[in-house]
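I have placed the structure first, in the form of C-alpha cells, so that the comments after it can refer back to it.
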Amino acid sequence: MAKGQIFIETDRCKGCALCTFYCPVHILKLDDTQTNAKGYTPMVTFDPDKCIACGFCAIMCPDSVITVERFIKEAQK
Amino acid sequence: MAKVLMKGNEAMALAAIKAGCDAFYGYPITPQNELPEYLSKHMALNGRVFVQSESEVAAINMVYGAAGAGARALTSSSSPGIALKQEGISYMAGAELPGVIINVMRGGPGLGGIQPSQGDYKQITRGGGNGDYYLYSLAPESLQEAVDLIKESFDIADYFRNPVMIAVDGLIGQMMEPVTFDNETPKWELEPKTWAADGDRSNREKNVINSLYLDPLMLEKHNLKLKAKYDVMRDKHQRYEMINVKDAEIVIVAYGSMARIARTSIEILEEKGIKCGMIRPITIFPFPDKAFRELQDSVKNILVVEMSTGQMLEDVKIANECERPIHFYGRVGGIVPEAEEVVSQVLKIIGGEDNA
Amino acid sequence: MPKSKIVYERSEGLSLMDNSYCPGCTHGIIHKLVAESLVELELLERTIGISSVGCSALNYDFFSCDMQQAPHGRAPAVATGIKRVRPNSIIFTYQGDGDLASIGIAEAIHAAHRSENITIVFVNNAIYGMTGGQMSPTTLLGQKTTTSPDGRTKAQGLPLRIAEMMATIPGATYVERVSVHNPQHVAKAKKALKKAFSIQKENKGFTLIEFISTCPVNWGMTPKDAVDWAVDNMIPYYPLGVFKDATVGEEK
Amino acid sequence: MINEKVIIAGFGGQGVMLMGQLLSYAATDKDLNTLWFPSYGPETRGGTANCSVTISETTVNSPVISTPDSIIIMNKPSLDKFQPKLKKGGHLFLNSSLVKDVVVREDVNVYNIEANDIAKRLGNIKVANMVILGAYLAVTKVFTEDEVLEILKQKFTGAKAKLIDINKKALEAGRLAI
Amino acid sequence: MAKVLMKGNEAMALAAIKAGCDAFYGYPITPQNELPEYLSKHMALNGRVFVQSESEVAAINMVYGAAGAGARALTSSSSPGIALKQEGISYMAGAELPGVIINVMRGGPGLGGIQPSQGDYKQITRGGGNGDYYLYSLAPESLQEAVDLIKESFDIADYFRNPVMIAVDGLIGQMMEPVTFDNETPKWELEPKTWAADGDRSNREKNVINSLYLDPLMLEKHNLKLKAKYDVMRDKHQRYEMINVKDAEIVIVAYGSMARIARTSIEILEEKGIKCGMIRPITIFPFPDKAFRELQDSVKNILVVEMSTGQMLEDVKIANECERPIHFYGRVGGIVPEAEEVVSQVLKIIGGEDNA
Amino acid sequence: MPKSKIVYERSEGLSLMDNSYCPGCTHGIIHKLVAESLVELELLERTIGISSVGCSALNYDFFSCDMQQAPHGRAPAVATGIKRVRPNSIIFTYQGDGDLASIGIAEAIHAAHRSENITIVFVNNAIYGMTGGQMSPTTLLGQKTTTSPDGRTKAQGLPLRIAEMMATIPGATYVERVSVHNPQHVAKAKKALKKAFSIQKENKGFTLIEFISTCPVNWGMTPKDAVDWAVDNMIPYYPLGVFKDATVGEEK
Amino acid sequence: MINEKVIIAGFGGQGVMLMGQLLSYAATDKDLNTLWFPSYGPETRGGTANCSVTISETTVNSPVISTPDSIIIMNKPSLDKFQPKLKKGGHLFLNSSLVKDVVVREDVNVYNIEANDIAKRLGNIKVANMVILGAYLAVTKVFTEDEVLEILKQKFTGAKAKLIDINKKALEAGRLAI
Amino acid sequence: MAKGQIFIETDRCKGCALCTFYCPVHILKLDDTQTNAKGYTPMVTFDPDKCIACGFCAIMCPDSVITVERFIKEAQK
C-alpha cells in the first residue's frame, strides 16, 4: 500500500530524468511513447503503489514539476 | 537667506541635498573631489546615504540599483570616469531609471589632464554607451545656475524616468561664487513611483527593473517608447538663452563656462561698436535648434566657440539648416580661452578674414 | 480530518512562469532553495532579488519577489545601491561563475569589504553557460570548453577558489560552499542559505553561499552524468564546508 | 563703482588661495558680486599656484582675467608669468623677500613688500600672505582691514581663533610697509 | 584558393590571423562568440597569443598594452561590452596606439537583446569615451568585404597610430557565406614602430607610451596633432560605394547589412520601373560626405535606412548640406527589416506621402 | 690606487628627472629599490614598467627603462597584454592602494589567477594620495580622510589585506609584504623585490610585493612622523612577511 | 538559373541549422553564391530555431528571405510562422510526424513527410532532418543526393564517419516518401 | 678622522629631513638659513668628520640627493 503519491505536471516536465535516479524505490522513468506540450519526453511513475512519499524526486526536480502527498496514517487505517 | 560663497563642487553637492537626493555613490577623481568630500560629511548629517564606491563602474551600478528601488540617486565624476560609466548609463536609460550624473569635465583623451575642458560633449550628447538612448543634459554657466538646475534635475529625471546629466567643466567645479539655495525652481508634476522594486510588496504585485528583451518585437516596442520620450524632450524641453541677439550682425554659440567668457567678449565688442549676440544652449541634449529659428536677418554669421576641437559644431550645423556661414573657434586640452581671443575671432570674421 | 498532507510542492517564492533552463540544469534546484528559504523565513514580501548576466539573467521572471536585472558582474554593486536606501529589504544577488568570479570579482570583493548586508548566491558550474560554454575562472584544469578546446592548462590559469578567497576578506560575515547533487546535500544547502538570510535579517553583514552546480548542455553530458561529474571532479577541488563564520561565539 | 580684478600667485603652500578667498568672502559679505578661480601649475606637487579674484557691483562674466587691475606676486616664476598682463597703471605687489633684483614694468605701480621677513619678525612665516594682503588693501581700498578681519573671525573658530591676532598684526604691518 | 563557406565571426577571426594579428584579448559575448572561440584554437596553432580576459575592461587594456609594445592586437565584443571599453579606447587614441576592435552589434540599450542591430553608430563614430578623438570605423556589408577590410585594418591602424573599429552587426557575425582570403588588399606604407615600449633597448633611448599631459599647452598641442590626423582621414580616406545612382530619382543611404538588404530593395524598385540608387558608407568615420557631392540633379530625395532609430541621420543631414529632403526608415531592437519594407517607404516618398 | 669608493649613489635605473613626490614621501624610496633591483639583476634594458594612476602616475618619467602609463587600476591587464607578446621582457606594475585594492582589484586578481609572469609593486599608503586624501580600501579604522572625515568606521568596511588575499590565489607564485621605515627594512624590501624579479626572470609566475608606504601630506604629518605612524598603526594590521612562496621546495 | 530561397524551421535540437548549412556547403562546392543565416527564438533554451538559405548564380543581397521558394517545417509553431510567407506555388515540406491535423495553404505544394517516424525506423531519430532534406532534394533538384553526401563525407570524419551511412539512407527514404 | 663623506646635491633636496633621523652619528640637519632652487630648506652635514659612511642617510633619501663615499683603509694609512 502506498504511503503517499506524487502528482506530475506532465506538460511542464523537461524530461531530464534527474528525478528518476533519486527515487529510492525506483518507480520513475521517462515515457518515450509521449511527447509533452513542450516537446519533451515526460516522466511517469510506473508503480505508484510503492511510493514512500520521501519527496526525493520532487526535491531534485529543477522544474518543480512534482508535488508529493503523504497519506496520513490515521486516514489509512 | 543671504548668498553664501561656495566652491562650485560644494555648491552642487549642497544643491543635490536640497533637491532631496537620497543617496550619493561615487569614486574620487579630480577636478570634482570636493563634491563627494562635501557629501561624505553632509549626507549622513541629513540622514542620507553616502558611499565611496570601489570604482566608477560600481558607482553607476549602485545608482542604478538605488534608482530601481525608487530613491533619488546621484553620482559624479570627470571625463575618464564618465567613460567607465557608459554601460551603466545605458542600462539606466534602458530600464527607464531616473538619476543624476554630474560630469566635471577635464581635458582628454585618455588620462589627459586635470584642467577644464568641454571635450565630453559627444560622450554626453551622443550616448557613449550602446543603443538608442539619450540623456537629458544640462550645461549651467554659473554656480547659481548649476545650483538651480541641480535642484530641478531630480524632478526632471523622475519625470522622464531617464538619467539627467549635469555637464560642467573644471572651471565651474573649482570656482567660488556667492550662491543662494532659495531660488524657486520649477516643480515638475510627478507620479508616485509605483514601478519601483523597493521590496515593499504589502500593496502591490512584484515589480521588475530590467532592460533585457530577448524578443526583438518587444525590444523594438521598448525602443520606440524611449524614442517618443526623447522626442518630447526635443519638442518641448529645449532650454537656451538668447543674449543680445537683437540686431546682432554675428551670433556666438557657446555653452557652460565658455558662454560666460563669451559674455565678456560681447561686452568688449559692444565697446568697439560691434553688435554680437549669443545663443547659449542650456540643454545640450536636446540641442536648442529652436533658438536658430528666432534669429533675425541681421545675423550674417555664426561663431561656435568651444573648449574642444569642435564637438558641438555638428549640432549647430544641423540646427542652422544652412542658413548662415558657421565659423569655429576652440581651445583644447585644458586651455581656457580669454575673452579677447573670441573678440579677435569675431573681428576676423567681420573683416572677412575667416571664411566658413 | 484530512487524509493526506502535502510534503512537497512548488514554492510560492517561485512565479508561475516556467524557468528557461535546459533540462536537468541544477540552476533550477538552486532557485527552488532560494524561494523556499525566503518563504520559510517569511522574508519574501520584502525581498529584492538581483538577476545577473548568465543563464539566470531572466530569473527576474522566475521569482515572485521584486527583482532587478544587473549588468554583467555588477550585481553586488546594484545590491549595495539598493540596500543602502532600503535597509529593511532583504537583498540577494544570483550570480554565475563568469559573472562573479570573472568580470564581477571586484564588485563581490568590495561588497564583502564594506560588509554590505546582502546575500550572494554564487552558482559555480565551471563554465559560461549562457554564451555557449567558454572557459571561466573556475573551469577545472583539463576541462574542455569552447575557449580551451584542448582542455584548460596552467597557462590559462589555476582555477580560482572563490569561497576560500572571500573568506579572507575582513568584512565578510559568512561564507559556505554547498552542493545540490543529492537530496541530502540539497537539504544542507538550504540550511546554509537560510543561515545566510537570517544573518542578513539581523543586519550582521555580508554572506555568500557558493553552490556547486552543473551545465549538462555545455559539459556535453546527461543531467545525471553532469551531477556525478561535479561530485567526482569539482568537489575535490572545491571542497564543501563553512569557510568563514564571524557569528560564531558572538551570541555569548 | 567697484570692479576689481586681481591675480594672486606664488608657490603652493604660500597661502595664495586663501588670500583670494578672503577677498571673495568679504565681497560676498557686502553683497557684491565676486568670483574666485584657482589654477595650479602642471606640477602636481610643490609647483606654482595662482588664483584670480573678481569683485564687482555688476555681474561677473569671464572667470578668466586677461588684464588684472592688480597682481600680488609671491615668487619669481609668478612675476614672469603675470607681469606682462597687468593693466597699464595697475598695481604690482611684490614679495620682495623672495623676489629680488628683477626688472619690472615702468608703467605700473610697484610695491615691494618684504613679506616673508616681516612675517618672520611677527613670529610666523605663514602670515607673509596677510602682510602683502595688508599692503594690497591699503593701496586699493577694496575692503577695510576690519572687513577682512571679520571674515577671518568667521573662518578661524575653535583652536584656530588664537591665530586672528597675528593675522591682524600682519595686515597692519603690510599697510605700514607701503 | 577556392572559396570556403564560413560563419562571419570565424571568417573575421581568420582574416585577422591572415593580417598578421599577433594577439587577441577578449571576453565572451553573444553574438560574436565564434570569433574568440575560433581564435582560441587557431592563434596558438599559428604561434600567436590568445587570452580570454576577465572582462571587457581588461581586454581593451591588454590590447592597449600589447599595442604599446608594438604588437598587432585585436579585441572583439558586442554593444554593452564595447560600452565598457570606452575608457580604454580613449586611452589608445590618446596614446596614439594602433589596434583593431570588432563590434558585432546587438540591440540595446542596456542588456537589450542579442539580435542584429546598428544601435552603436553614435557610440562608434562619436567616441563613447572622453576627449576629442575618433576611431577610423569600417562597416562591411558582406563576409568577403569584412575579410578584406580586416586584412587591411591592421595596416590602417598602424599607419594612423589610431584604433580602427570594425562595425558589423549580428547578421554578419552569424551568417555563412563563401569567402576567399586571397584577395589582394591595399598595403599601406608603414614605418617601423620605433616608438614602441617593447623592452628592447639595445639600440635606442627609452620609450614611453602615455596619454597624460599635465601642462595644458602640451595637451592642446597633442590634441591638435590628433585633430590633424582625423582631418587627414576626413579629407583623404573616406570610403563609400555609389550604387545605381546614375539618373536615380531617389537615393538610399545605408551601411553594413542594412545596405545589403537595400540592394534587394533597389532591385525590386528597378522591376517596378523606379530608379533608386544608394550611397553606401564603408567608412562611417570618416563619414563619406563627398559622396553627396557626386549626386546628380536627378536625385530628388534621400532616404536613410538604419537598424536604429536614426543615428546616422545626423551625419547625412550634415553631408547633405540641405540640398535635398531627407527621409528616414528604421527598425530597432534586433528587427531586421525586409527589403519590401524599404521599397514601400520609397514608394511612399515618391508618391508624396512621406514629407521630410 | 683609489682612495675611496662609492657606497651609495643615485641608481641608473632612475632617469635624470626629479621625481614629483612631496618631500619625504616614501614613494621615492620604493622607486629607488625598483631601479636598483633591476640594475643589479641586469634586467633594466629589457624592462617595461607600467605606471598606474596615483601620485606615481608620472613615474614613466622617473625610471630609465621603457614605460607605459595605464588607466586607473588596469596596470595588471596592460602588463598581461605586453608580457604575452614580449615574453622576454621584464614587466612590473607600480600601483597604489586606490589603484590596486579598489578600482583595480579584479585585474590584479586575474593576473595572479592566470599566473602572469609579472611583478606587481603595490604601494600601500592607506589613502588616495593623488586626489587629495580620500579613504581607500586599506585606510585603517579610525583614520581620518577627506571622505571619512570623522575617521573610518566599520560601516565603511573593514580594511582589505591585499597580500593575504592574493596569497590565496592558486596562480600566485610569490607574495610578500615589506616596509621601508628604516635602512634595515629597506634592505629587506629590496631583497624581496629582487626575489620577485628573479622569479619572473625564470618564468615562474606571478609575484607581488606590498610596500607599507606613507603619505605625509594627506596624513597631515611630517615625513618622519608619517614613517613612525606607519610602524605603529599600519604594520600591526598589515603584518610584514612572506604570505606565499610557491617556489619553496621546488628546487629539489 | 538557380535562385533558391529556403527557410528551414523547427525546435532547437532538430538539426535545422545543419540542414541549411549542408545546402550552403554544397552550393559553395559548386561555386554558387550562397548565404546561410540563423535565427533563434526569444527563448534562450529549448525554443524554436530557423535558418534562411539562399543559393544563387548571381550575387546574394538581402540575407532576409521575405518570400521563400520552399519551406521545411519541423514543428507546429514554425508552420504558423512561415506558412504565410511561402511563395505562391512554392513547396512546403512538413514533418507530419509532429505536425498533424493542420490547415495548409492551397496555393502551394505540400509534401507530408513522416520524418520522425521514418528516422525512428531507420534506427536513429536524429536523422529526421536528413529524411525531410531527402524529400526536399528530390522535389527541388537543387542538388543531387550525392552532392550532399559528399559534403557529409567532408564534415563527418573520424568517429563520426560511421554516421554517413545512415544519413545516406535517410536521404533516400525521404526521396521515396514523396 | 672620517671614514667617508657624503655629497649632497643641495638643489635637489626637498628638505624633508628624513635622512637626518637615520644618521647614527647625528651629523645631518636642515639649514634654515638657506632656500634652494626648488624653494626648500636643504639638508647639510654639520660635522662631516664623524661620518662613518654607513649610507643610511642616502638609503632613506626618497630623492637620491645623497652620494656616499667610503675612504679605503690602505689609502688612509
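Note that the chains are named A, B, C, D, E, F, G and H in the order they appear, and that numbering of residues resets to 1 at the start of each chain.
Please note the rule applied: a contact is a pair of C-beta atoms (placed from the backbone, for glycine too) under 8 Å apart; a residue touches a chain by one contact, two chains touch by 3 or more.
Here the structure is a predicted model, which is why all the values come from computation and not from measurement.
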{"item": "Chain pair with the most C-beta contacts", "value": "B-E"}
{"item": "Chain located farthest away, centre of subunit E as origin (C-alpha)", "value": "H"}
{"item": "Centre-to-centre distance between subunit D and subunit A (centres being mean Cα positions), rounded to whole Å", "value": "87"}
{"item": "Averaged-CA centre spacing for the pair subunit H and subunit E, given as whole angstrom", "value": "61"}
{"item": "Mean-CA-position distance for subunit G and subunit E (Å)", "value": "34"}
{"item": "Sites on subunit G at which at least two other chains make contact", "value": "43-44, 46"}
{"item": "For subunit A, residues contacting two or more additional chains", "value": "14"}
{"item": "Subunit E residues counted as touching two or more neighbouring chains", "value": "54-55, 57, 80, 87, 91, 95, 110-111, 210-212, 214-216, 218"}
{"item": "Sites on subunit B touched by subunit C in the complex", "value": "22-23, 25, 49, 51, 53-55, 57-59, 61-71, 73, 87-88, 91, 95, 197-202, 206-212, 214"}
{"item": "Subunit B residues within the subunit D interface of the complex", "value": "2-5, 171, 174-178, 257, 260-261, 263-265, 267, 336-340"}
{"item": "Of subunit C, residues touching subunit E in the complex", "value": "53, 57, 69, 71-73, 98, 102-103, 105, 128, 130-132, 134-135, 137, 146-150, 156"}
{"item": "Subunit F contact footprint on subunit H (complex, rising order)", "value": "4-5, 12, 14-18, 21-22, 40, 53-56, 58-64, 66-72, 74-75"}
{"item": "Residue numbers on subunit B that touch subunit F, as the complex places them", "value": "27-30, 33, 36-37, 40-41, 52, 54-56, 80, 110-111"}
